[in-house]
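For reference, chains read A, B, C, D, E and F in written order, and residue numbers begin at 1 within each chain.
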Amino acid sequence: MSGPTAFARLVEYEEASPDVRAVFDDIKRTRNVPDVNNFWKALARHPDTLRRTWSTLKEVMAPGALDARTKEMLYLAVSLANGCAYCVASHERAARKQGMTEAMYAELLAIVAQACETNLLAEAYRVPLDG
Amino acid sequence: MSGPTAFARLVEYEEASPDVRAVFDDIKRTRNVPDVNNFWKALARHPDTLRRTWSTLKEVMAPGALDARTKEMLYLAVSLANGCAYCVASHERAARKQGMTEAMYAELLAIVAQACETNLLAEAYRVPLDG
Amino acid sequence: MSGPTAFARLVEYEEASPDVRAVFDDIKRTRNVPDVNNFWKALARHPDTLRRTWSTLKEVMAPGALDARTKEMLYLAVSLANGCAYCVASHERAARKQGMTEAMYAELLAIVAQACETNLLAEAYRVPLDG
Amino acid sequence: MSGPTAFARLVEYEEASPDVRAVFDDIKRTRNVPDVNNFWKALARHPDTLRRTWSTLKEVMAPGALDARTKEMLYLAVSLANGCAYCVASHERAARKQGMTEAMYAELLAIVAQACETNLLAEAYRVPLDG
Amino acid sequence: MSGPTAFARLVEYEEASPDVRAVFDDIKRTRNVPDVNNFWKALARHPDTLRRTWSTLKEVMAPGALDARTKEMLYLAVSLANGCAYCVASHERAARKQGMTEAMYAELLAIVAQACETNLLAEAYRVPLDG
Amino acid sequence: MSGPTAFARLVEYEEASPDVRAVFDDIKRTRNVPDVNNFWKALARHPDTLRRTWSTLKEVMAPGALDARTKEMLYLAVSLANGCAYCVASHERAARKQGMTEAMYAELLAIVAQACETNLLAEAYRVPLDG
């Protein structure tokens, strides 16, 4: 009765066009990894979107006023709120690499769950802004 | 052609029942504020939900493995992702009180916007989990 | 700094085309009300969508295996979950007309808030179906 | 091209900590079931969230102004609206146990689908509240 | 650790009731296809919802002021925005049949991703309407 | 009982920093308008996000495989699906400028409403992909 539920068409490096390869190479260099994640292979169907998405992500996630761990935890929190299972798995891994402990993750998750509930209540009642 | 768009029924302290007042008192004590926010006055229509929501929030936002500023920033990020304008205003204020600078807020916002876009793309293609 | 936030263009009976008036008349007759709600006046910009929406709604909300109060409460619960302030106000009123008490509303709200939180957690972890 | 899409890490009773076991035991006792659902095993990674979620759920779903069947149907309706496939399956089962017939489910589903559509239209036009 | 994640109960033509078969027959005739898609087989559990959904879809997708390709691309764009992987796959196929090229799809996807991001920002700040 | 509901802090040209002014100038030049929309004034609080958002939007909305009217209609459809009232108003205006007639808008709206409903049903049942 059931059937396939995952169907991203993934573009591997070997079959990729030169501009896709250029992005893949930059991702691998920047992150010091041997291969890019499936997300990028799926985006590679659309080279312009791939290029823009990576360019923005690279800029947004670079060290700045916030440290890398906080940045990854914010990404993880939003991904949890949006119910994106792939991004949750991927950014949980990245946040742990940056030092997020199990206790930190537990607190993050509790905040996300609670925020979603209070967001819902505040929106549903269109609570007026505090003076 | 237009009309009222905000219509939370707010319960003020004076008209509140004893159990609602008890929650209001605890909020004021815990946060050291002279009055509770409109969100709590709106929830006060439902004393049990008010009590449970405050009890969970108090526990979840207490100092732990994560510091107060990071906690408020996570709350703000999720509220932005959920498009809850009231919560965005309210937690932006709280995060600033805890030391979030304009530069930090700008980086947070950029991450939220980017996460929502990549969440969408990963979900829409149901990208398979990385091995 | 602020400005107009509500901007539905409402079509009043007097300015409505014959097919819009026919729908308005049927709504008034079916619900025994002197005028239609703003929702229908907003939809009247698109007569076909107005007709289809009313036709489906009339069929869906008619008494059947579920009584009118339960139906209105289900509508209210979904509207709360979707954060639609207009529909929350409108269906809260309708549910009260059908006998929903304050205590019932409080329990309904608590379920919606809790369901949204557990929905989020189950989706974010893509919890496998129970055997 | 595809790969794993379900990846909740489930905590079984045998490997659970004493406070997780205490919650599991209470769930089994309250619901009179031999084992807890996967949802609880997934939440068990975060014992505090597990405890708070179960405590709220137990209180919220207990008999009150609304009967158990109506409560389960409200939960199911919200889960459908939120597109949470796990919760839909789980609460459909629970609602049927409480007497929801196929005809009731069909009417519930029709209301959810219709509510989501009218919620969208009312929000998109920010329809002004009826006087 | 993982388990089944797809669980629509599909109703095949052979086991369908006469009114379900009538809808299936009309879908096959209208679209000139040998069998209906899984979506319709899943909806067939609820014959009234099946009938209403097909009746509306047939009317909405018929040629009118917009051509068939634009209609399918709008459907695809909304399905991407809603993160419905099944509908994305199904309407991508339909749009390609109507002449959507890879370049058109790439531009559509870029618009959807960008719209979701700016929608989020505009909502989160509740930007006042332009004069 | 009610209060302010719109609260974007808008940055006017006069008070803007040089890099914000540069973006504002480019928007005015590209679109041949005397002033930028409120959306850009709200984003101007975050100059980097403003710059990136405009840069992507300019690229994405430029003529390509899809004509300007189709692009604006896709943007409008997604904004309707996301319930972003500001973006709906803003892109409805832009789409009309590009030739969208009332009849086209009516068909677009009908598709969006229908897509959201079928997206919901397909997701809730996690309908398996067609072979």
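By our rule, a residue touches a chain if its C-beta (ideal position, glycine included) is under 8 Å from a C-beta of that chain, and two chains touch if they have at least 3 such contacts.
Source: prediction; values computed, not measured.
Any chain touching subunit D that also touches subunit E appears here: A, B, C, F.
Each chain gets a centre from the mean of its Cα atoms; the one farthest from the centre of subunit E is B. Looking at C-E and C-D side by side, the one with more C-beta contacts is C-D.
Of the chain pairs A-B, B-D or B-F, the one whose interface repeats that of D-E, sharing more than half of its contact pairs by residue number, is B-F. With each centre defined as the average position of its C-alpha atoms, the distance from subunit B to subunit C rounds to 26 Å. For the pair subunit E and subunit F, the distance between C-alpha centroids works out to 22 Å. Listed for subunit A are residues 1-10, 38, 48-49, 52-53, 56, 79-81, 83-85, 89, 106, 109-110, 112-114, 116-117, 119-121, 123, 125-126, 128-129, each touching two or more other chains.
Listed in rising order, the residues of subunit F touching subunit E in the complex are 5-10, 37-39, 42-43, 49, 53, 56-57, 60-61, 64-66, 70-71, 73-75, 77-79, 81-87, 89-90, 101, 103-104, 106-108, 110-112, 114-123, 125-130. Against subunit C, the residues of subunit A that register as touching in their complex are 79-81, 83-85, 88, 109, 112-114, 116-117, 119-121, 123-126.
Considering their complex, residues 4-10, 38, 83, 85, 89, 102, 105-106, 109-110, 113 of subunit B touch subunit F. Within the complex formed with subunit F, the residues of subunit A that make contact are 1-5, 7, 48, 52, 56, 59, 126, 128-129, 131. Against subunit B, the residues of subunit F that register as touching in their complex are 1-3, 5, 7, 45-49, 52-53, 84.
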